[in-house]
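The next part holds the structures, each set out as C-alpha coordinates.
Shared chain: subunit A. Partners: subunit B in the first complex, subunit C in the second.
Now for the complex of A and B:
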(Lines of atoms letter the chains of each structure in order from A and count residues from 1; the text may use other names and numbers.)
(Lines give C-alpha, C1' and ligand atoms only; values in the text may rest on other atoms or scores of the structure.)
Protein backbone atom coordinates (compact mmCIF):
# COMPACT_ATOMS: atom_id res chain seq x y z
CA UNK A 1 0.00 0.00 0.00
CA UNK A 2 1.26 3.47 -0.80
CA UNK A 3 0.34 6.80 0.78
CA UNK A 4 -2.39 7.56 -1.79
CA UNK A 5 -4.28 4.34 -1.05
CA UNK A 6 -3.64 4.85 2.67
CA UNK A 7 -5.23 8.31 2.55
CA UNK A 8 -8.24 7.04 0.60
CA UNK A 9 -8.75 4.11 2.95
CA UNK A 10 -8.54 6.29 6.07
CA UNK A 11 -10.70 9.04 4.59
CA UNK A 12 -13.44 6.62 3.54
CA UNK A 13 -13.28 4.99 7.00
CA UNK A 14 -13.77 8.42 8.55
CA UNK A 15 -16.81 8.97 6.32
CA UNK A 16 -18.27 5.55 7.07
CA UNK A 17 -17.91 5.69 10.87
CA UNK A 18 -20.68 8.26 11.55
CA UNK A 19 -22.84 6.87 8.73
CA UNK A 20 -22.71 3.38 10.28
CA UNK A 21 -23.76 4.79 13.66
CA UNK A 22 -26.71 6.61 12.09
CA UNK A 23 -27.63 3.50 10.08
CA UNK A 24 -27.59 1.30 13.21
CA UNK A 25 -29.70 3.86 15.07
CA UNK A 26 -32.19 3.81 12.18
CA UNK A 27 -32.33 0.00 12.27
CA UNK A 28 -33.10 0.12 16.01
CA UNK A 29 -35.70 2.83 15.47
CA UNK A 30 -37.43 0.95 12.64
CA UNK A 31 -37.53 -2.38 14.48
CA UNK A 32 -38.60 -0.97 17.85
CA UNK A 33 -41.33 1.10 16.23
CA UNK A 34 -42.40 -1.96 14.25
CA UNK A 35 -42.24 -0.14 10.92
CA UNK A 36 -43.27 -2.27 7.95
CA UNK A 37 -41.44 -2.31 4.63
CA UNK A 38 -44.18 -0.14 3.19
CA UNK A 39 -43.75 2.38 6.04
CA UNK A 40 -40.02 2.55 5.43
CA UNK A 41 -40.35 2.86 1.67
CA UNK A 42 -42.95 5.56 2.21
CA UNK A 43 -40.32 7.63 4.02
CA UNK A 44 -37.36 6.89 1.74
CA UNK A 45 -38.96 7.14 -1.72
CA UNK A 46 -38.36 10.48 -3.32
CA UNK A 47 -36.09 11.58 -0.47
CA UNK A 48 -32.93 13.34 -1.60
CA UNK A 49 -31.58 13.18 1.97
CA UNK A 50 -31.76 9.36 2.14
CA UNK A 51 -30.43 9.09 -1.41
CA UNK A 52 -27.43 11.24 -0.41
CA UNK A 53 -26.97 9.39 2.89
CA UNK A 54 -26.89 5.85 1.51
CA UNK A 55 -25.33 6.92 -1.81
CA UNK A 56 -22.37 8.38 0.09
CA UNK A 57 -22.18 5.24 2.21
CA UNK A 58 -22.09 2.96 -0.83
CA UNK A 59 -19.37 4.99 -2.55
CA UNK A 60 -17.25 5.01 0.63
CA UNK A 61 -17.72 1.25 1.12
CA UNK A 62 -16.81 0.47 -2.48
CA UNK A 63 -13.53 2.43 -2.24
CA UNK A 64 -12.64 1.27 1.28
CA UNK A 65 -13.36 -2.42 0.72
CA UNK A 66 -11.62 -2.49 -2.66
CA UNK A 67 -8.40 -1.12 -1.13
CA UNK A 68 -8.62 -3.68 1.65
CA UNK A 69 -9.20 -6.55 -0.78
CA UNK A 70 -6.27 -5.34 -2.87
CA UNK A 71 -4.00 -5.48 0.17
CA UNK A 72 -5.21 -8.93 1.19
CA UNK A 73 -4.64 -10.28 -2.33
CA UNK A 74 -1.22 -8.64 -2.67
CA UNK A 75 0.00 -9.82 0.73
CA UNK A 76 -1.64 -13.23 1.10
CA UNK A 77 -2.02 -14.65 -2.39
CA UNK A 78 0.39 -15.35 -5.25
CA UNK A 79 -1.35 -12.63 -7.30
CA UNK A 80 0.99 -9.74 -8.20
CA UNK A 81 0.41 -6.26 -6.83
CA UNK A 82 -0.72 -4.99 -10.23
CA UNK A 83 -3.20 -7.79 -10.78
CA UNK A 84 -4.40 -7.45 -7.18
CA UNK A 85 -5.22 -3.85 -8.02
CA UNK A 86 -7.15 -4.84 -11.13
CA UNK A 87 -9.14 -7.57 -9.34
CA UNK A 88 -9.87 -5.25 -6.41
CA UNK A 89 -11.03 -2.50 -8.78
CA UNK A 90 -13.46 -4.97 -10.40
CA UNK A 91 -14.66 -5.98 -6.91
CA UNK A 92 -15.11 -2.32 -5.96
CA UNK A 93 -17.12 -1.62 -9.14
CA UNK A 94 -19.39 -4.60 -8.37
CA UNK A 95 -19.96 -3.31 -4.83
CA UNK A 96 -20.69 0.14 -6.20
CA UNK A 97 -23.21 -1.15 -8.77
CA UNK A 98 -24.98 -3.45 -6.31
CA UNK A 99 -25.06 -0.77 -3.64
CA UNK A 100 -26.33 1.99 -5.91
CA UNK A 101 -28.98 -0.39 -7.29
CA UNK A 102 -30.16 -1.04 -3.73
CA UNK A 103 -30.21 2.68 -2.96
CA UNK A 104 -32.17 3.34 -6.15
CA UNK A 105 -34.68 0.67 -5.14
CA UNK A 106 -35.51 2.42 -1.88
CA UNK A 107 -35.34 6.08 -2.91
CA UNK A 108 -36.73 6.12 -6.46
CA UNK A 109 -40.48 6.36 -6.58
CA UNK B 1 17.20 -32.06 37.71
CA UNK B 2 20.28 -29.80 37.56
CA UNK B 3 22.68 -30.70 34.80
CA UNK B 4 26.28 -29.72 34.10
CA UNK B 5 25.93 -29.81 30.35
CA UNK B 6 23.68 -28.07 27.85
CA UNK B 7 22.12 -29.98 25.01
CA UNK B 8 22.54 -27.60 22.09
CA UNK B 9 20.92 -27.94 18.67
CA UNK B 10 22.64 -25.74 16.08
CA UNK B 11 21.52 -25.18 12.51
CA UNK B 12 24.06 -26.58 10.04
CA UNK B 13 24.10 -25.98 6.30
CA UNK B 14 22.20 -23.55 4.10
CA UNK B 15 18.47 -23.05 3.70
CA UNK B 16 18.02 -26.81 3.31
CA UNK B 17 20.18 -27.66 6.32
CA UNK B 18 19.15 -29.22 9.63
CA UNK B 19 19.76 -28.95 13.35
CA UNK B 20 22.72 -30.87 14.72
CA UNK B 21 23.09 -31.76 18.40
CA UNK B 22 26.08 -30.95 20.60
CA UNK B 23 26.77 -31.12 24.32
CA UNK B 24 28.43 -28.07 25.85
CA UNK B 25 29.58 -27.62 29.48
CA UNK B 26 27.22 -25.43 31.50
CA UNK B 27 29.02 -22.54 33.17
CA UNK B 28 28.10 -19.57 35.28
CA UNK B 29 27.54 -16.27 33.43
CA UNK B 30 27.58 -18.04 30.08
CA UNK B 31 26.11 -16.32 27.02
CA UNK B 32 24.61 -18.00 23.98
CA UNK B 33 27.56 -16.65 21.98
CA UNK B 34 29.89 -18.42 24.43
CA UNK B 35 28.05 -21.66 23.68
CA UNK B 36 28.41 -21.20 19.92
CA UNK B 37 32.08 -20.27 20.32
CA UNK B 38 32.69 -23.38 22.45
CA UNK B 39 31.21 -25.58 19.75
CA UNK B 40 33.31 -23.94 17.05
CA UNK B 41 36.56 -24.09 19.03
CA UNK B 42 36.23 -27.48 20.70
CA UNK B 43 33.69 -29.61 18.87
CA UNK B 44 33.36 -28.58 15.23
CA UNK B 45 35.72 -25.99 13.69
CA UNK B 46 33.65 -25.92 10.48
CA UNK B 47 30.77 -24.12 12.24
CA UNK B 48 30.20 -20.69 10.67
CA UNK B 49 28.82 -17.77 12.65
CA UNK B 50 29.34 -14.04 12.96
CA UNK B 51 30.39 -11.85 15.85
CA UNK B 52 32.72 -8.94 16.55
CA UNK B 53 32.47 -6.83 19.71
CA UNK B 54 30.90 -9.35 22.17
CA UNK B 55 29.49 -6.45 24.22
CA UNK B 56 26.25 -5.55 22.43
CA UNK B 57 27.54 -2.70 20.31
CA UNK B 58 28.23 -4.04 16.81
CA UNK B 59 25.00 -5.93 16.06
CA UNK B 60 26.84 -8.82 14.36
CA UNK B 61 25.87 -11.82 16.47
CA UNK B 62 22.07 -11.90 16.19
CA UNK B 63 20.67 -15.42 15.86
CA UNK B 64 17.43 -17.27 16.50
CA UNK B 65 17.53 -18.72 20.01
CA UNK B 66 14.74 -21.09 20.97
CA UNK B 67 12.56 -19.56 18.27
CA UNK B 68 13.19 -15.90 19.11
CA UNK B 69 15.66 -13.53 17.46
CA UNK B 70 18.21 -12.35 20.03
CA UNK B 71 21.64 -10.72 20.33
CA UNK B 72 23.59 -13.75 21.48
CA UNK B 73 26.46 -11.88 23.15
CA UNK B 74 24.07 -10.30 25.66
CA UNK B 75 21.73 -13.26 26.07
CA UNK B 76 22.56 -15.37 29.10
CA UNK B 77 22.03 -19.08 28.78
CA UNK B 78 20.26 -19.12 32.15
CA UNK B 79 17.51 -16.88 30.74
CA UNK B 80 16.73 -18.92 27.63
CA UNK B 81 17.56 -22.52 28.48
CA UNK B 82 14.55 -24.86 28.57
CA UNK B 83 14.91 -28.27 30.22
CA UNK B 84 18.64 -28.14 29.64
CA UNK B 85 18.25 -27.48 25.91
CA UNK B 86 18.88 -24.58 23.56
CA UNK B 87 18.18 -24.43 19.81
CA UNK B 88 20.28 -21.89 17.91
CA UNK B 89 19.52 -21.05 14.29
CA UNK B 90 20.22 -18.29 11.77
CA UNK B 91 18.07 -15.15 11.68
CA UNK B 92 14.71 -15.56 9.93
CA UNK B 93 13.72 -13.55 6.84
CA UNK B 94 17.28 -13.44 5.49
CA UNK B 95 19.04 -15.87 3.13
CA UNK B 96 21.23 -18.36 5.01
CA UNK B 97 24.83 -18.37 3.77
CA UNK B 98 25.96 -21.25 5.99
CA UNK B 99 25.08 -22.44 9.49
CA UNK B 100 24.38 -19.36 11.64
CA UNK B 101 25.60 -16.74 9.15
CA UNK B 102 22.92 -14.98 7.11
CA UNK B 103 23.31 -12.76 4.08
CA UNK B 104 22.56 -9.26 5.42
CA UNK B 105 22.54 -7.62 1.99
CA UNK B 106 18.73 -7.41 1.60
CA UNK B 107 18.59 -5.76 5.04
CA UNK B 108 21.15 -3.07 4.19
CA UNK B 109 19.90 -2.60 0.62
CA UNK B 110 16.57 -1.62 2.12
CA UNK B 111 18.31 0.97 4.29
CA UNK B 112 19.59 2.48 1.04
CA UNK B 113 16.15 2.24 -0.53
CA UNK B 114 14.61 4.04 2.46
CA UNK B 115 17.17 6.85 1.91
CA UNK B 116 18.80 6.08 5.24
CA UNK B 117 21.84 8.18 4.37
CA UNK B 118 22.41 11.63 5.84
CA UNK B 119 22.20 14.37 3.19
CA UNK B 120 24.05 17.46 4.46
CA UNK B 121 22.41 20.84 4.06
CA UNK B 122 25.68 22.75 4.65
CA UNK B 123 29.28 22.46 3.57
CA UNK B 124 32.36 22.15 5.74
CA UNK B 125 32.92 25.88 5.24
CA UNK B 126 29.64 26.80 6.93
CA UNK B 127 29.41 27.22 10.70
CA UNK B 128 28.13 24.22 12.64
CA UNK B 129 24.37 24.29 13.05
CA UNK B 130 23.32 24.42 16.69
CA UNK B 131 20.60 21.91 17.58
CA UNK B 132 18.94 22.37 20.95
CA UNK B 133 18.81 18.99 22.76
CA UNK B 134 15.39 19.92 24.11
CA UNK B 135 13.80 20.51 20.68
CA UNK B 136 10.89 18.26 19.66
CA UNK B 137 12.61 17.06 16.48
CA UNK B 138 15.87 16.40 18.29
CA UNK B 139 14.09 14.35 20.96
CA UNK B 140 12.22 12.37 18.29
CA UNK B 141 15.53 11.66 16.53
CA UNK B 142 17.12 10.65 19.85
CA UNK B 143 14.39 8.12 20.51
CA UNK B 144 15.17 6.30 17.26
CA UNK B 145 18.91 6.78 16.92
CA UNK B 146 20.50 3.96 18.96
CA UNK B 147 19.95 1.22 16.36
CA UNK B 148 22.95 -1.14 16.04
CA UNK B 149 21.77 -2.72 12.74
CA UNK B 150 21.55 -6.20 14.23
CA UNK B 151 18.59 -7.21 12.04
CA UNK B 152 16.58 -8.66 14.94
CA UNK B 153 13.53 -6.51 14.19
CA UNK B 154 13.76 -7.51 10.52
CA UNK B 155 13.86 -11.20 11.49
CA UNK B 156 10.94 -10.79 13.90
CA UNK B 157 8.67 -8.90 11.48
CA UNK B 158 5.67 -10.77 10.04
CA UNK B 159 5.23 -8.19 7.28
CA UNK B 160 8.82 -8.72 6.12
CA UNK B 161 8.09 -12.45 6.06
CA UNK B 162 5.17 -12.17 3.65
CA UNK B 163 6.06 -9.02 1.70
CA UNK B 164 9.43 -9.06 -0.08
CA UNK B 165 9.14 -5.40 -0.99
CA UNK B 166 8.60 -4.18 2.58
CA UNK B 167 11.50 -2.03 3.73
CA UNK B 168 11.30 -3.34 7.28
CA UNK B 169 11.39 -1.79 10.76
CA UNK B 170 15.08 -0.90 10.94
CA UNK B 171 15.24 0.97 7.63
CA UNK B 172 12.03 2.87 8.40
CA UNK B 173 13.20 3.66 11.92
CA UNK B 174 16.44 5.04 10.42
CA UNK B 175 14.42 7.11 7.95
CA UNK B 176 12.37 8.55 10.82
CA UNK B 177 15.49 9.56 12.76
CA UNK B 178 16.76 11.39 9.65
CA UNK B 179 13.38 13.02 9.00
CA UNK B 180 13.86 14.62 12.42
CA UNK B 181 17.46 15.63 11.77
CA UNK B 182 17.27 19.38 11.27
CA UNK B 183 20.62 19.40 9.45
CA UNK B 184 19.42 16.97 6.78
CA UNK B 185 18.34 18.14 3.31
CA UNK B 186 17.04 14.87 1.85
CA UNK B 187 13.55 14.68 3.26
CA UNK B 188 11.50 15.07 0.09
CA UNK B 189 13.18 12.06 -1.53
CA UNK B 190 13.15 10.18 1.78
CA UNK B 191 9.45 10.75 2.43
CA UNK B 192 8.64 9.77 -1.16
CA UNK B 193 10.70 6.58 -0.76
CA UNK B 194 8.99 5.49 2.46
CA UNK B 195 5.51 6.49 1.19
CA UNK B 196 5.76 4.21 -1.86
CA UNK B 197 4.50 0.63 -2.06
CA UNK B 198 6.50 -1.49 0.40
CA UNK B 199 7.11 1.54 2.62
CA UNK B 200 5.71 2.56 5.99
CA UNK B 201 2.07 2.01 5.00
CA UNK B 202 2.69 -1.71 4.55
CA UNK B 203 3.29 -2.03 8.32
CA UNK B 204 0.51 -3.83 10.20
CA UNK B 205 1.67 -2.59 13.61
CA UNK B 206 2.17 -6.09 15.03
CA UNK B 207 4.91 -4.55 17.20
CA UNK B 208 7.23 -7.56 17.05
CA UNK B 209 10.08 -5.16 16.24
CA UNK B 210 9.50 -3.26 19.44
CA UNK B 211 9.07 -6.48 21.43
CA UNK B 212 12.37 -7.96 20.26
CA UNK B 213 14.62 -4.90 19.82
CA UNK B 214 17.62 -5.45 22.13
CA UNK B 215 18.15 -1.70 22.30
CA UNK B 216 14.56 -1.19 23.52
CA UNK B 217 13.79 1.02 20.53
CA UNK B 218 10.25 1.32 19.21
CA UNK B 219 10.31 1.09 15.40
CA UNK B 220 6.53 0.66 15.38
CA UNK B 221 6.18 4.17 16.80
CA UNK B 222 8.68 5.50 14.24
CA UNK B 223 6.71 3.87 11.42
CA UNK B 224 3.41 5.24 12.75
CA UNK B 225 4.99 8.69 12.85
CA UNK B 226 6.22 8.23 9.27
CA UNK B 227 2.68 7.33 8.20
CA UNK B 228 1.43 10.62 9.62
CA UNK B 229 4.30 12.67 8.22
CA UNK B 230 4.06 11.19 4.71
CA UNK B 231 0.29 11.68 4.73
CA UNK B 232 0.75 15.37 5.56
CA UNK B 233 3.40 15.71 2.84
CA UNK B 234 1.12 13.97 0.31
CA UNK B 235 -1.89 16.14 1.14
CA UNK B 236 0.25 19.27 0.84
CA UNK B 237 1.51 18.09 -2.55
CA UNK B 238 5.12 17.85 -1.39
CA UNK B 239 5.38 14.22 -2.52
CA UNK B 240 3.58 12.16 -5.13
CA UNK B 241 2.33 8.62 -4.79
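Now for the complex of A and C:
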Protein backbone atom coordinates (compact mmCIF):
# COMPACT_ATOMS: atom_id res chain seq x y z
CA UNK A 1 0.00 0.00 0.00
CA UNK A 2 1.42 3.38 -0.92
CA UNK A 3 1.54 6.36 1.45
CA UNK A 4 -1.42 8.12 -0.19
CA UNK A 5 -3.72 5.11 0.29
CA UNK A 6 -2.38 4.57 3.82
CA UNK A 7 -3.23 8.17 4.79
CA UNK A 8 -6.71 7.93 3.20
CA UNK A 9 -7.42 4.67 5.01
CA UNK A 10 -6.34 6.08 8.40
CA UNK A 11 -8.11 9.42 7.85
CA UNK A 12 -11.41 7.76 6.91
CA UNK A 13 -11.03 5.42 9.90
CA UNK A 14 -10.62 8.42 12.21
CA UNK A 15 -13.70 10.08 10.69
CA UNK A 16 -15.78 6.90 11.02
CA UNK A 17 -14.91 5.90 14.60
CA UNK A 18 -17.33 8.41 16.23
CA UNK A 19 -19.89 7.81 13.44
CA UNK A 20 -19.86 4.09 14.23
CA UNK A 21 -20.50 4.78 17.92
CA UNK A 22 -23.48 7.02 17.07
CA UNK A 23 -24.74 4.47 14.51
CA UNK A 24 -24.62 1.61 17.05
CA UNK A 25 -26.45 3.81 19.57
CA UNK A 26 -29.11 4.51 16.92
CA UNK A 27 -29.38 0.78 16.14
CA UNK A 28 -30.01 0.08 19.84
CA UNK A 29 -32.54 2.92 20.05
CA UNK A 30 -34.31 1.94 16.82
CA UNK A 31 -34.69 -1.71 17.84
CA UNK A 32 -36.00 -1.02 21.35
CA UNK A 33 -39.59 -1.82 20.26
CA UNK A 34 -38.77 -3.64 17.04
CA UNK A 35 -37.87 -2.02 13.73
CA UNK A 36 -40.57 -0.43 11.63
CA UNK A 37 -40.35 1.47 8.37
CA UNK A 38 -42.59 4.20 9.79
CA UNK A 39 -40.22 4.77 12.74
CA UNK A 40 -37.09 4.77 10.54
CA UNK A 41 -38.51 7.09 7.90
CA UNK A 42 -40.15 9.24 10.58
CA UNK A 43 -36.67 10.06 11.89
CA UNK A 44 -34.88 10.44 8.57
CA UNK A 45 -37.45 11.90 6.16
CA UNK A 46 -36.55 15.47 5.27
CA UNK A 47 -33.72 15.58 7.82
CA UNK A 48 -30.64 17.49 6.66
CA UNK A 49 -28.77 16.37 9.80
CA UNK A 50 -29.26 12.66 9.07
CA UNK A 51 -28.54 13.23 5.36
CA UNK A 52 -25.20 14.85 6.28
CA UNK A 53 -24.41 12.26 8.96
CA UNK A 54 -25.05 9.23 6.76
CA UNK A 55 -23.77 10.97 3.62
CA UNK A 56 -20.42 11.51 5.34
CA UNK A 57 -20.50 7.93 6.63
CA UNK A 58 -21.13 6.55 3.12
CA UNK A 59 -18.33 8.57 1.50
CA UNK A 60 -15.85 7.59 4.23
CA UNK A 61 -16.81 3.89 4.21
CA UNK A 62 -16.65 3.67 0.40
CA UNK A 63 -13.06 4.96 0.43
CA UNK A 64 -12.05 2.93 3.51
CA UNK A 65 -13.58 -0.35 2.34
CA UNK A 66 -12.19 0.01 -1.19
CA UNK A 67 -8.64 0.42 0.14
CA UNK A 68 -9.14 -2.54 2.48
CA UNK A 69 -10.49 -4.74 -0.32
CA UNK A 70 -7.56 -3.70 -2.51
CA UNK A 71 -5.10 -4.77 0.19
CA UNK A 72 -6.83 -8.11 0.76
CA UNK A 73 -6.92 -8.85 -2.98
CA UNK A 74 -3.28 -7.86 -3.48
CA UNK A 75 -2.01 -9.81 -0.46
CA UNK A 76 -4.31 -12.83 -0.29
CA UNK A 77 -5.23 -13.54 -3.90
CA UNK A 78 -3.31 -14.18 -7.11
CA UNK A 79 -4.69 -10.91 -8.54
CA UNK A 80 -1.91 -8.44 -9.40
CA UNK A 81 -1.58 -5.21 -7.43
CA UNK A 82 -2.68 -3.16 -10.44
CA UNK A 83 -5.79 -5.24 -11.05
CA UNK A 84 -6.53 -5.29 -7.31
CA UNK A 85 -6.57 -1.51 -7.45
CA UNK A 86 -8.93 -1.47 -10.43
CA UNK A 87 -11.34 -4.01 -8.91
CA UNK A 88 -11.30 -2.20 -5.55
CA UNK A 89 -11.98 1.14 -7.24
CA UNK A 90 -15.00 -0.38 -9.01
CA UNK A 91 -16.18 -1.84 -5.70
CA UNK A 92 -15.72 1.52 -3.96
CA UNK A 93 -17.70 3.34 -6.67
CA UNK A 94 -20.55 0.78 -6.43
CA UNK A 95 -20.56 1.17 -2.63
CA UNK A 96 -20.65 4.95 -2.95
CA UNK A 97 -23.54 4.91 -5.42
CA UNK A 98 -25.56 2.33 -3.48
CA UNK A 99 -24.88 4.14 -0.21
CA UNK A 100 -25.87 7.58 -1.49
CA UNK A 101 -28.96 6.02 -3.10
CA UNK A 102 -29.88 4.50 0.30
CA UNK A 103 -29.40 7.86 2.05
CA UNK A 104 -31.54 9.57 -0.59
CA UNK A 105 -34.16 6.83 -0.20
CA UNK A 106 -34.61 7.35 3.55
CA UNK A 107 -34.27 11.14 3.52
CA UNK A 108 -36.32 11.96 0.43
CA UNK A 109 -38.86 9.09 0.71
CA UNK B 1 10.80 -24.21 7.07
CA UNK B 2 8.36 -21.34 7.45
CA UNK B 3 8.09 -20.11 11.02
CA UNK B 4 4.45 -20.01 12.06
CA UNK B 5 4.80 -19.70 15.83
CA UNK B 6 3.77 -16.00 15.71
CA UNK B 7 0.35 -17.08 14.50
CA UNK B 8 -0.47 -18.28 18.01
CA UNK B 9 -0.03 -14.74 19.35
CA UNK B 10 -2.92 -12.57 20.55
CA UNK B 11 -1.88 -9.62 18.39
CA UNK B 12 -1.59 -11.77 15.26
CA UNK B 13 -5.12 -13.03 15.97
CA UNK B 14 -6.23 -9.41 16.51
CA UNK B 15 -4.81 -8.45 13.10
CA UNK B 16 -6.58 -11.41 11.48
CA UNK B 17 -9.88 -10.56 13.20
CA UNK B 18 -9.50 -6.96 12.06
CA UNK B 19 -8.97 -8.00 8.45
CA UNK B 20 -11.72 -10.65 8.37
CA UNK B 21 -14.24 -8.40 10.13
CA UNK B 22 -13.46 -5.63 7.62
CA UNK B 23 -13.91 -8.04 4.73
CA UNK B 24 -17.22 -9.32 6.12
CA UNK B 25 -18.49 -5.76 6.62
CA UNK B 26 -17.44 -4.83 3.08
CA UNK B 27 -19.47 -7.78 1.75
CA UNK B 28 -22.47 -6.90 3.93
CA UNK B 29 -22.58 -3.17 3.11
CA UNK B 30 -23.99 -3.45 -0.45
CA UNK B 31 -26.83 -5.61 0.89
CA UNK B 32 -27.47 -3.13 3.71
CA UNK B 33 -27.63 -0.25 1.24
CA UNK B 34 -29.90 -2.19 -1.12
CA UNK B 35 -32.25 -2.98 1.79
CA UNK B 36 -32.49 0.68 2.83
CA UNK B 37 -32.88 1.66 -0.81
CA UNK B 38 -36.19 -0.24 -0.83
CA UNK B 39 -37.67 2.92 0.68
CA UNK B 40 -37.52 4.39 -2.85
CA UNK B 41 -40.32 1.98 -3.75
CA UNK B 42 -42.32 3.18 -0.76
CA UNK B 43 -42.65 2.71 2.99
CA UNK B 44 -44.63 -0.52 2.54
CA UNK B 45 -41.81 -2.16 0.58
CA UNK B 46 -39.30 -1.36 3.34
CA UNK B 47 -41.78 -2.56 5.96
CA UNK B 48 -42.14 -5.90 4.13
CA UNK B 49 -38.38 -6.35 4.27
CA UNK B 50 -38.22 -5.43 7.96
CA UNK B 51 -40.91 -8.03 8.78
CA UNK B 52 -38.76 -10.62 6.97
CA UNK B 53 -35.84 -9.52 9.16
CA UNK B 54 -37.82 -10.49 12.28
CA UNK B 55 -36.77 -14.11 11.68
CA UNK B 56 -34.60 -15.43 14.54
CA UNK B 57 -31.71 -16.33 12.22
CA UNK B 58 -31.67 -12.79 10.82
CA UNK B 59 -31.60 -11.35 14.35
CA UNK B 60 -28.72 -13.66 15.20
CA UNK B 61 -26.90 -12.47 12.08
CA UNK B 62 -27.60 -8.84 13.04
CA UNK B 63 -25.99 -9.32 16.44
CA UNK B 64 -23.02 -10.87 14.64
CA UNK B 65 -22.82 -7.73 12.51
CA UNK B 66 -22.90 -5.55 15.62
CA UNK B 67 -19.95 -7.58 16.93
CA UNK B 68 -18.05 -7.29 13.63
CA UNK B 69 -18.65 -3.55 13.40
CA UNK B 70 -17.53 -2.90 16.98
CA UNK B 71 -14.52 -5.23 16.93
CA UNK B 72 -13.37 -3.67 13.64
CA UNK B 73 -13.85 -0.13 14.94
CA UNK B 74 -12.16 -0.76 18.32
CA UNK B 75 -9.33 -2.68 16.64
CA UNK B 76 -8.90 0.22 14.22
CA UNK B 77 -8.85 2.79 17.02
CA UNK B 78 -6.14 0.72 18.75
CA UNK B 79 -4.08 0.85 15.55
CA UNK B 80 -4.61 4.60 15.16
CA UNK B 81 -3.46 5.14 18.75
CA UNK B 82 -0.36 2.96 18.24
CA UNK B 83 0.55 4.81 15.04
CA UNK B 84 -0.10 8.35 16.21
CA UNK B 85 0.58 8.44 19.94
CA UNK B 86 3.42 7.24 22.16
CA UNK B 87 3.76 3.48 22.54
CA UNK B 88 1.90 1.99 25.48
CA UNK B 89 2.40 -1.49 26.89
CA UNK B 90 -0.50 -3.87 27.31
CA UNK B 91 -1.51 -4.13 23.62
CA UNK B 92 -2.46 -7.78 24.03
CA UNK B 93 -4.78 -6.87 26.89
CA UNK B 94 -6.25 -3.96 24.91
CA UNK B 95 -6.92 -6.18 21.89
CA UNK B 96 -8.58 -8.78 24.13
CA UNK B 97 -10.61 -6.06 25.84
CA UNK B 98 -11.78 -4.74 22.45
CA UNK B 99 -13.03 -8.20 21.47
CA UNK B 100 -14.66 -8.73 24.88
CA UNK B 101 -16.46 -5.36 24.87
CA UNK B 102 -17.68 -6.01 21.31
CA UNK B 103 -18.95 -9.47 22.27
CA UNK B 104 -20.76 -8.16 25.37
CA UNK B 105 -22.47 -5.34 23.44
CA UNK B 106 -23.44 -7.75 20.64
CA UNK B 107 -24.88 -10.14 23.24
CA UNK B 108 -26.86 -7.31 24.88
CA UNK B 109 -28.20 -6.43 21.41
CA UNK B 110 -29.19 -10.06 20.84
CA UNK B 111 -30.94 -10.27 24.21
CA UNK B 112 -32.88 -7.04 23.45
CA UNK B 113 -34.13 -8.06 20.01
CA UNK B 114 -35.34 -11.52 21.10
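We adopt the following convention: the second predicted complex is superposed on the first by the 105 of 109 C-alpha atoms of A that agree within 3 Å, B and C clash if a C-alpha of one lies under 4 Å from a C-alpha of the other, contacts with A are read in each partner's own complex, and residues count from 1 in each chain.
To be clear about the criterion, contacts are C-beta pairs under 8 Å (C-beta built on N, C-alpha and C of every residue); 3 or more make two chains touch, one makes a residue touch a chain.
Keep in mind it's a predicted model, so treat the numbers as computed, not measured.
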Tell me which partner A:95 touches in the superposition: subunit B (first), subunit C (second), both or neither. second
Who does A:60 touch here: subunit B (first), subunit C (second), both, or neither? neither
Tell me which touches more residues of subunit A here: subunit C or subunit B. C
Quick one: is A:81 in contact with subunit B, with subunit C, with both, or with neither? Answer first, second, both or neither. first
Once chain A of both complexes is superposed, is A:5 in touch with subunit B (first), subunit C (second), both, or neither? first
In the superposed arrangement, which partner chain does A:34 touch: subunit B (first), subunit C (second), both, or neither? second
Overlap of the subunit B and subunit C interfaces on subunit A comprises residues 10
The subunit C residues in contact with subunit A across the complex are 19, 22-23, 25-26, 29-30, 32-40, 42-44, 46-47, 50, 53-54, 66, 69-70, 73, 76-77, 79-80, 83, 105, 109, 112-113
Mind pulling up the subunit B residues that touch subunit A in the complex? 159, 162-163, 165, 195-197, 199, 201-202, 227, 230-231, 234-235, 239, 241
Given the complex, residues on subunit A that touch subunit C span 10, 13-14, 16-17, 20-21, 23-24, 27-28, 31-32, 34-38, 40-41, 58, 61, 65, 68-69, 72, 91, 94-95, 98-99, 101-102, 104-106, 109
Of all residues in subunit A, which touch subunit B in the complex? 1-7, 10, 74-76, 81
